[in-house]
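Letters are used for the chains, namely A, B, C, D, E and F, taken in the order the chains are written, and counting of residues starts over at 1 for each.
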Amino acid sequence: MTLLPPPDHAVDDLVTRSLAEDLGRAGDITSNATIPADAHAEARIVARAAGCISGLDIAMKVLHRVDPGIEITKSANDGDIVDAGTVLAIAEGPARSILAAERTALNVLGHLSGIATQVAGVVAQVGDLDVRIADTRKTTPGLRAIEKYAVRCGGGMNHRFGLDDAVMIKDNHIAAVGSITNAVQAARASAGHVVRIEVEVDRLDQLEAAIEAGADIVLLDNMTPAQLQQAVAMAGGRCTLEASGGITPEHVREFAETGVDVISMGWLTHSAPNLDVALDLAPAPH
Amino acid sequence: MTLLPPPDHAVDDLVTRSLAEDLGRAGDITSNATIPADAHAEARIVARAAGCISGLDIAMKVLHRVDPGIEITKSANDGDIVDAGTVLAIAEGPARSILAAERTALNVLGHLSGIATQVAGVVAQVGDLDVRIADTRKTTPGLRAIEKYAVRCGGGMNHRFGLDDAVMIKDNHIAAVGSITNAVQAARASAGHVVRIEVEVDRLDQLEAAIEAGADIVLLDNMTPAQLQQAVAMAGGRCTLEASGGITPEHVREFAETGVDVISMGWLTHSAPNLDVALDLAPAPH
Amino acid sequence: MTLLPPPDHAVDDLVTRSLAEDLGRAGDITSNATIPADAHAEARIVARAAGCISGLDIAMKVLHRVDPGIEITKSANDGDIVDAGTVLAIAEGPARSILAAERTALNVLGHLSGIATQVAGVVAQVGDLDVRIADTRKTTPGLRAIEKYAVRCGGGMNHRFGLDDAVMIKDNHIAAVGSITNAVQAARASAGHVVRIEVEVDRLDQLEAAIEAGADIVLLDNMTPAQLQQAVAMAGGRCTLEASGGITPEHVREFAETGVDVISMGWLTHSAPNLDVALDLAPAPH
Amino acid sequence: MTLLPPPDHAVDDLVTRSLAEDLGRAGDITSNATIPADAHAEARIVARAAGCISGLDIAMKVLHRVDPGIEITKSANDGDIVDAGTVLAIAEGPARSILAAERTALNVLGHLSGIATQVAGVVAQVGDLDVRIADTRKTTPGLRAIEKYAVRCGGGMNHRFGLDDAVMIKDNHIAAVGSITNAVQAARASAGHVVRIEVEVDRLDQLEAAIEAGADIVLLDNMTPAQLQQAVAMAGGRCTLEASGGITPEHVREFAETGVDVISMGWLTHSAPNLDVALDLAPAPH
Amino acid sequence: MTLLPPPDHAVDDLVTRSLAEDLGRAGDITSNATIPADAHAEARIVARAAGCISGLDIAMKVLHRVDPGIEITKSANDGDIVDAGTVLAIAEGPARSILAAERTALNVLGHLSGIATQVAGVVAQVGDLDVRIADTRKTTPGLRAIEKYAVRCGGGMNHRFGLDDAVMIKDNHIAAVGSITNAVQAARASAGHVVRIEVEVDRLDQLEAAIEAGADIVLLDNMTPAQLQQAVAMAGGRCTLEASGGITPEHVREFAETGVDVISMGWLTHSAPNLDVALDLAPAPH
Amino acid sequence: MTLLPPPDHAVDDLVTRSLAEDLGRAGDITSNATIPADAHAEARIVARAAGCISGLDIAMKVLHRVDPGIEITKSANDGDIVDAGTVLAIAEGPARSILAAERTALNVLGHLSGIATQVAGVVAQVGDLDVRIADTRKTTPGLRAIEKYAVRCGGGMNHRFGLDDAVMIKDNHIAAVGSITNAVQAARASAGHVVRIEVEVDRLDQLEAAIEAGADIVLLDNMTPAQLQQAVAMAGGRCTLEASGGITPEHVREFAETGVDVISMGWLTHSAPNLDVALDLAPAPH
């Protein structure tokens, strides 16, 4: 499976905003006051904990944005699963520039690798099953496109990127038009032919209606593994079945074993802890 | 202690960006296709888990940005510590507008309350001691000003906002100018009189030099509680002492009991899990 | 069928940019030099030619952005098909403000109504057939979300909004992985379960492979009506069939009669002429 | 006559916005999923129809923005009039990058060349006469500076870029101050000495007043060729005479033969159809 | 003469940027920490020195941007010439909001009034002569549209707003095409009919060539009053004559008495000192 | 003392905005119409008056932004004090590009050097005394970070960059909480440990309270030299003493001789006249 990269404009925007917030109105006043402009240094970007890497290329762009003269040698790639202590990249260049970029680069790398690591852990747990792990729209505000890239790095699959790229019919929508059938028809009439329609149900007795209404995907919300198993039997492969609702890495396996096609987990993007990454600096002869 | 609010421009920018990323290029196609334009609804914003609230005002701004006609009645405030099930606010207005804003509003509220909740937990743990809990620059890229507000909501104190608003002298800076004294002098010569100077030391034998060099604050990096206790004795109140380095909520108490003035924890902003918040929607008579 | 509105942020951005480019660095120097600040006027927004209206709400936002004090009474709605001479809205307020907004408001309204009018004409031509008319990504640079709204106003359906919201496999993709089957599998492995996969074929002998590979939609590129008819027979309803390639309003009927499900036409957004709209101003008593 | 290029910042902004709208939140998911990262390709940018080229440099900037490593060999220039089938440029580089940029580059090139082609057609029609063809402010929202560049490519002349760079006195302005003389004086008093003053008249009996008031240019609005001829005689070269009002390429010749100095046509920017351009891709050995 | 206001978008942009730079990442930490959220205050905006007011409306927008609830009563207008001690406006509202906006509002008002005051002083000096005082493009970076508004407030006239809205032929341009005549012809061929052409000459023997070439305006650069007088005689009213080059308020009178039509002075925008304005705050009963 | 450079993002933003405002919607129409695209030129950036240089690097970035192909040889650096006539840099490249960038580059350089020159003059006046010269927040709207850099170039020290990076307690804050002690305590409780607290007093009898409350700095507002001398004696080195309030270069010496630690002067940024700089252009053989 090819890893789909994030779009450049989203990356550029993130680099711009995150550097600006760290450099503020006067820049790195400590390094600029103490370190000579011509001092060079070599920095090793290191994973202090084992995990799945995501955001290494973006972190390198942070360094290059601060100083295009920094030379970078990568020894890992986004999507790699590495041991604690692995050197991910070596950057050599002006010491001031490396120090100015350090925290911003590490924040990006640690945050995205934190997500990727949790996703990879879940994907590994269910690797023997025919099920895919997906994210949700429960992402950190302003970082959706990038966090969804981290999910891909971990081997996960992306659900909707927003309210606009797929239809997701929930109870309020159904209530407004009277039935699942009406809701699916209304959506189909308004949305284009390239748009998938998903229906969220929280009771098994809604499943048949959703399938018959022509739902491409049915989201089984907050159901127990037993209910999910029943749903899989009822559907008989007529649509994609997705389980969701408060599923965490600890319990994902029992949900995965039910036979559903997809498990989507908000936890992966809204609660994954940071991966510990560091930048070790040494003076460079250069 | 007064809670310092975040600056409006940072909030506005966050609201703009996070709504744009969720509404995308076609808006909420599901609600717009199924729910009549004149349908009204009442939404209860609820904390599903106990925690400390942060971002409620911002979440309300998300709703108002989508539709200034939504009427909101708040029943909690940022900084409040609430039980699971607490209704934080009630919003009434066009159902389409509330649904379009829902996920973005909840993402902001859940993320910031997640941080505030962890901060408040740590602050409560050490409430009987004369120590303050601070954040770091290890924040989510692009969200620093807002996440630091969440830290304040939880009762924490803000460390530097960037590389520009305080001097932080580390080993590389000391190495470049030859001694702690030289580094402090260089910083003092370049930085203004309103800028504090902090020196990071990782060995006790550097502490005296830092104090004598005139450091306002000494950061004791990665020291054991025993070492910190010794540092407190050595400093004798001549400067502010800050402990830092991988401290998590589980072990913070033993660090706090050493007598240091400040404990700074990157964990609070880079690894705090989301607080579970929800928006329960019911049709409104209006 | 409900008309899906454009997202507010896209509209706001368009209003901001288009007003800025017209008002420039000194504003409306003619009106400001000659018309008293307290002069009021009444403006009738009129369709000088018959057509389908799109952008009336956006045009009204242009007026309100220049002056929130302008009072507007709409007598038509986006999506309406109107005769030449129809008054679409009456705006009353400060004469200077109305004149400053005039050209920008009309440019938006004329451009979008131009597209909607052509779409509505094509939709009317094929109204008795079971076929839908779709747009393409051949839109005016920077205006895609808004022009696709104009297509919806005319009764058309939206195809992809970008390279990211649906898979479209073309000859180069197929060549790169060796076969249609490989291409569909590669796409399915990388893209999420909410993403539809469309395969473009330009020869009938590729159709079966595309269907068997699991394509949701097959785009029949540059085929004659006779070939399309054959394709419809071959597919037997196993997938959605879309005809495309240089189809203009003049010849669309013969393509529509072939039984394909969708006809997509770049012409609708890249070559539709403006609809003639005007703003007739009269002094207001107020 | 030298072709005045568009300002870089306007071009950069257009490239940024149009690429972002096409690449969206996940980029070119089809190409990234199917085409190897190291695959190279050669693309020929071809004019499929005869016309006047505009936007080729901007299209090349689109390619370079996606990937600075794409090598481009141009074989035509903006302003050239070419036959159908002419290769305008050859781009060689990573296949993924070329495909990601393709549609955006072609949309720019086709739109601007569409305008330039119509302008060039009109200019050619009147080439034997002493008259210049000008655009208006009836441009596509947000694209004025660029579309006016397309007009220059076609050999046309630019009228005002906005409400701020020249005075244009119309009936409402005249009514507000009582007379053409008063209006011109008011404008002259407020506007700088580098600003030209144009007066729009729709009756011949207003012409003398406009000239005597000191108008630099008189716009003769919606007049017949016969009336225009009379106006030319009346003015006797004392000011620049401009004919305007619903003039299309079909009838422009008869207006041009009246002896007016300038003919301005909104049609050229608001209703010119796209020029058919394409990008033909072949695998490259590289 | 009507005072032409600055365009709203330029004002909004200035308000946004200047508030953001003052409020930074944590807002007004002093007022928020000490002043209750419900404390009200009354602020008098006062001119501490005599001068010509400019930017009062913009300053009021700064207050309203921080808090739309601030009530403002203006007692002066932009363009007014006031004595020291004049109250320009009274603002009443939340004390925190007024204090947060204070410095930004005063910086705008003091800067623009500083310019307007110098312009008004020069205009008054030459009020009995038939000459107009103009600005140049020597403005503070990023503030041109607003500073040129300040010039208008002081009774001055605006020269070019940029390189794009009028032609200004200087020695390098003349050298490139061989003669003034060639330069004017080249410019006339490329620029539109609404664009004025100015030729800069630094020797009297160039004047006749410039006039004969059809220059609308001739800029007499760095000439002595005696030379200017001679130029006026030579030109005999055939074109507008503008004197420029290092003219300051001290010596402007002798240049004005030469009979030139316009005197342009970079000094007015690049070296005018601030006008002393203040905000006096008193607690309000409310 | 090392000169702290301005942060890149602030410089880039200034370059972008100032070039856009000068090039407008059509670019340098004069040069583009008259000068061949391949003409080269050599430009000498010259200080026409003696002064302290600031903004030379930014001016060079302006040139490079217009055309990366311009080659620049610097012969001076920011912070240098130069004689009239000094060549600061030589730029060689396309003549059109150099002319397009000229005014913007000079406006930046002249404005910042104007400030630096005044600062350097004041610093030189008091060079034998143990006092530092600081700026204030009285800066030109939108230019604070850059103007504070100019202050550093002149040898001055930066005061607060905004309302957020240091506490400044004034009379209104004191009144709101009842006493200086309360105000300092409230600020200390809310602000972080890296934030300095300054108290402004305008009467000597407030000084002791401020010191005892724990103020890091006391600002002595609008005091006479005699009062300042008394304050120095009273404080006895227990805090930093800063004199402020209407101090100009003419009278700064007598304030400096009082023994205060810092003198802050709004005049330096809001009223410093431009330094006369020019760009002398000659055709280049290249």
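Going forward, contacts are C-beta pairs under 8 Å (C-beta built on N, C-alpha and C of every residue); 3 or more make two chains touch, one makes a residue touch a chain.
Note that this is a predicted model, so its numbers are computed, not measured.
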Touching both chain A and chain C, which chains are there? B, D, E, F
At the largest C-alpha centroid distance from chain A we find chain E
Write down the chain pair with more C-beta contact pairs when C-F is set against A-B. A-B
Have a look at where chain A meets chain F and say same if over half of the interface residue numbers show up on both copies, different if under half do. different
From the centre of chain B, which other chain's Cα mean sits the farthest off? D
Whole-Å separation of chain centres (CA-atom averages), chain B against chain C: 43
Measuring from the mean C-alpha position of chain A to the mean C-alpha position of chain E, what distance in angstrom results? 51
Centroid distance [mean C-alpha coordinates] between chain F and chain B, Å: 32
Which positions in chain B are in touch with at least two other chains? 2, 4, 7, 21, 23-27, 29, 32-34, 144-145, 158, 161-162, 164-165, 186, 189-191, 195
Which residues, counting only chain B, touch chain D once they are in their complex? 21, 24-25
Under the touch definition given earlier, write down the residues of chain C that touch chain D in their complex. 14, 17-18, 21-36, 39, 41, 95, 99-100, 103-104, 106-108, 110-111, 114, 137-145, 161-165, 167-170, 172-177, 182-183, 186-187, 189-191, 195, 266-267, 270-271, 273-274, 281, 283
Chain D residues touching chain A in their complex are 16, 19-20, 23-27, 29, 32-34, 66
Which residues, counting only chain A, touch chain D once they are in their complex? 2, 4-10, 144-145, 148, 158, 161-162
For the complex, give me every residue of chain B touching chain F. 1-4, 7, 132, 134, 152, 157-161, 164-166, 186, 189-196, 198, 216-217, 240, 242, 261-262
